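Each of the next two complexes has chain A plus one more chain, namely chain B in the first and chain C in the second.
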Partner chain A sequence: MRRRDDMHDGPELELQLAELDADDALAEGIESVWGDSRADFLAKAAVGSGALLAALAAPAAPALAKDKGKAKGKRQDRSILNYALLLEYLQADFYTEAERLKTLKNESARQARVVGAHERAHVKALKGVLGGDAIKRPSFNFHGVTERPQAFRRTAVALEDLSVAAYAGQGPRIQSRPYLVAALGILSVEARHASWIRRLAGKTPAASAFDEPRPKPEVIRLVQATHFVSTPRKRARTSSKRSPRYTG
Partner chain B sequence: MAALVALGLTSCSSSSSPSSSDEPARPTLPAGPKAAFQIPAPQPLGRTGTTRWASVDRRVGARATPGGELVAGLSPRTPEQTTNLVVVLGRAREFGGELWVRVRLPVLPNNSTGWVPRRALGGYHVVDTHLVIDRHRLTAVLFKGKRRVFSTRVGIGRAQSPTPPGRFYIRVKLTSYRSPFYGPLAFGTSARSAVLTDWPAGGFVGIHGTNEPGLLPGRVSHGCVRMENGAILRLGRLMPVGTPLTIE
Partner chain C sequence: MAGDGGITRKTFVRGGALGAGALAAGGALAGGLPDLAASAPSASQDEATFAYLLELEDLQAAFYAEAVKRGALTGETKEYARIVGQHEQEHVAYVRKVLGAQAKPAKDFDFGDTTTSDERFLATAVEIEETGLGAYTGAAINLTRGKLAAATRIVSVEARHTAWARDLADKNPAPVASDKPATEREVRATVAKTSFVKDG
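Coming up: the complex of A and B.
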């Protein structure tokens, strides 16, 4: 736990994150795994950039179009698609792991199976359209959340709500109408996922009359606070150039 | 919304009956742009078996039961200074407010397993490969799912330094070293010689190439599995670290 005065951001950011996680879903999900208090969670969320931001800083395709405005628009669209891809990777791996581990039963298991397949389809589509510009799949560590049904449901609520807010935040920034149409098609499905898991978690499926869009930095900070995305330092290094010392 | 409904109704009625010449022309909504990409049909997870492995993130004791007697220590590093990893068996269990998982251990006696706190491990990785060494037929066969994707003849341990039987896993891949004796590539396994216990680095059994292909197949080694250099290079392309290994 870092001291308050070590952090990059002040109380304003904490307030923002408190608003973002209005249901306490993410904070409580994390608490159940890490034993962190809500204050700890919010403080950790304020700690600076890591692997996630590094991944999102991946360069977009070099612009070939002569029109600089068009080129900038294309770059921005591809950057938004990569941001969407990162969130889809996260959700796809989250559901897939829970399904593989057979953590859930009955309706929760069905929800994870169906939604996981949707998220994997989103990943496939976004990777297809981004081609060589697509960011690589990060390594994830769900810290046991996918192995505890209640923690899984609470965190799934937070991830789906975040996903909806993230797509809504980027929609107006998409320059290409055909990309926007595709993004809207995904957004509405994410909203259905959110209401499905909210119902299973005992929450009101549609809690408010208006979904607040969320800007990328806020979404990224909240995702970072989960520690689900492994930093490069924590990624497994399984090969080496050392000489073998096996029995021969 | 009422206007849209009225427009829709008007559109329906105008398509089902010819419009009267004295009616004013009514505006129609143009078709929107098509999506830039399609979302593929969601696919269920494959039914083939997968194996989970995880990195050892911190020094930890493996126990006979969750919270029980200590059976072995696990370090975050292998003797080759790569990330140590363990294959995870079965489902996690709650004990003392903590998640525990059973893992296969790279210790003597071979085939040992133990329970470690989930929080000592990194994220799960999955593989769908399985290597089987047959000591009677002197073969190595790699399966991907149920499909046999590689096979070759091998050299194994002599009678006085046998290749140990049991269930193990591949935990490191070594390349680009300069040691013709081991060929161009070597895999480190979790298996250990029960005889050469004072061998440098602990007497781990490797799977590697050779500078004496004429000796293969046969019972020629100190416990390691040797194969021709072309075969080990092919295996290097097909077999990821974390692959379970059965020596029978």
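Coming up: the complex of A and C.
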């Protein structure tokens, strides 16, 4: 039987590092890979993934006096869609890697397959709309989370809930109505994903009557805290392998 | 329980492919705006939109209240009805507050035998949640910015309900990559077909 003891958890903050970093997997992974303390890692991350994330989090450049209205709205929309694209890249890679590693079985494997296909479709659609303005796919390092079913599910819960909160926060700011309709259609699917994975993880699928939106800087900080966004150079040395996990 | 094998592989593959296809074809993001937009957002349009959404929230809240009261549901389905029913009541309270004196009283409903077994209840729950979700995603763009932000917080909760009900009914919780908004006309036609709303 499903565990029922946490069916009543409130709209708690799901994506905290402690929650994501099940069994200190990230911390261990980081230390084993670089032999660094977490503080050192954070300092290094600030140059690589940090720069990308900070750029996304920064408010759009102030508009020139004569350049208001439509142009500004378009720029803001592009910035929001790129922010959505980052989160979709992250989720798509997360599911794709778990599939590739054949980590999951049964219903959990089906969830990853179906949801992974959706996230990849979101990436494709957003890139299509953004064209040359689309941010490049960052490299990701999931530090072994995609290798362990329970850690995978807990992290998937955090990522899906975060993505709902991010779309809820920025979606209503989209000026273009076609993009707004599309963003709501995607938000709705992300919420279905969140519900599905929460149930698989033994949590109540809908914990509260109103989902809490999160502001962009907060979402970026939470993503940064996962250390999942890596730099291309580091990726080459640290991409997830089933075995050996820690090469010291 | 999220049983293994309740949903066939075929269903999932088809669902995933359809969703990806629909988005890739550019329908969702790059395509034209479906017939959803009324006129430019305004306070009076907010009122009309919320009055319409209130009818759906009233229906959902009444459905779950009856199911809980009847007491025929079991296990997680019973838990679903209790939790989701509570949410719908909160949505009703919120929308009534927004509408203030303009809010119309809830209609009378007749849900027939739909709350008499887990199976019947879930089939109906899936239908009314999908309908409510489509209504919200379709109507939200007609709202002014502040109200849109509030409605967005409900959209995702309705989507969570929908996926949960589908999962309990052994259906793929998320069959497509982008949910399709519904027009008011479509939603009203669906509701009329159920005969849940009593005349007068």
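In this section, the second predicted complex is superposed on the first by the 166 of 248 C-alpha atoms of A that agree within 3 Å, B and C clash if a C-alpha of one lies under 4 Å from a C-alpha of the other, contacts with A are read in each partner's own complex, and residues count from 1 in each chain.
One rule holds for everything that comes next: a residue touches a chain if its C-beta (ideal position, glycine included) is under 8 Å from a C-beta of that chain, and two chains touch if they have at least 3 such contacts.
These numbers come from a predicted model, not from an experiment.
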Partner chain(s) touched by A:R75 [first = chain B, second = chain C, both, neither]: neither
Touching partner for A:K102 - first (chain B), second (chain C), both, neither: first
Touched partner set for A:N141, first chain B, second chain C, both or neither: first
Touching partner for A:R110 - first (chain B), second (chain C), both, neither: second
Which of chain B and chain C A:R199 touches, first, second, both or neither: second
Chain B versus chain C as contact partner of A:A191, first or second or both or neither: second
First (chain B), second (chain C), both or neither touched by A:R154: neither
Partner chain(s) touched by A:R214 [first = chain B, second = chain C, both, neither]: neither
First, second, both or neither for A:H118, with chain B first and chain C second: both
Chain A residues contacted in one complex by chain B, in the other by chain C: 113-114, 117-118, 120-122, 124-125, 128-129, 177-179, 181-182, 185-186
Of all residues in chain A, those that touch chain C in their complex: 1-2, 4, 7, 106-107, 110, 113-115, 117-118, 120-122, 124-126, 128-129, 164, 167-168, 171-173, 177-182, 184-196, 199-200, 204-206, 208-213
Complex interface listing, chain C residues touching chain A: 1-5, 7, 9, 12, 15-17, 19-20, 23-24, 26, 28-34, 36-37, 76, 79, 83-84, 86-87, 90-91, 94, 133, 137, 140-141, 145, 148-149, 152-164, 167, 172-174, 176-181
Chain A-facing residues of chain B, complex: 32-45, 50, 52, 55, 57, 79-83, 85, 91-92, 94, 99, 118-119, 122-126, 157, 161, 171-179, 181-182, 186, 188, 193, 196, 199-201, 203-206, 208, 221-224, 241-242
Residue ranges of chain A touching chain B (in the complex, touch as defined): 96-97, 99-103, 113-114, 116-118, 120-122, 124-125, 128-129, 139-144, 147-148, 176-179, 181-182, 185-186, 230, 234, 236-248
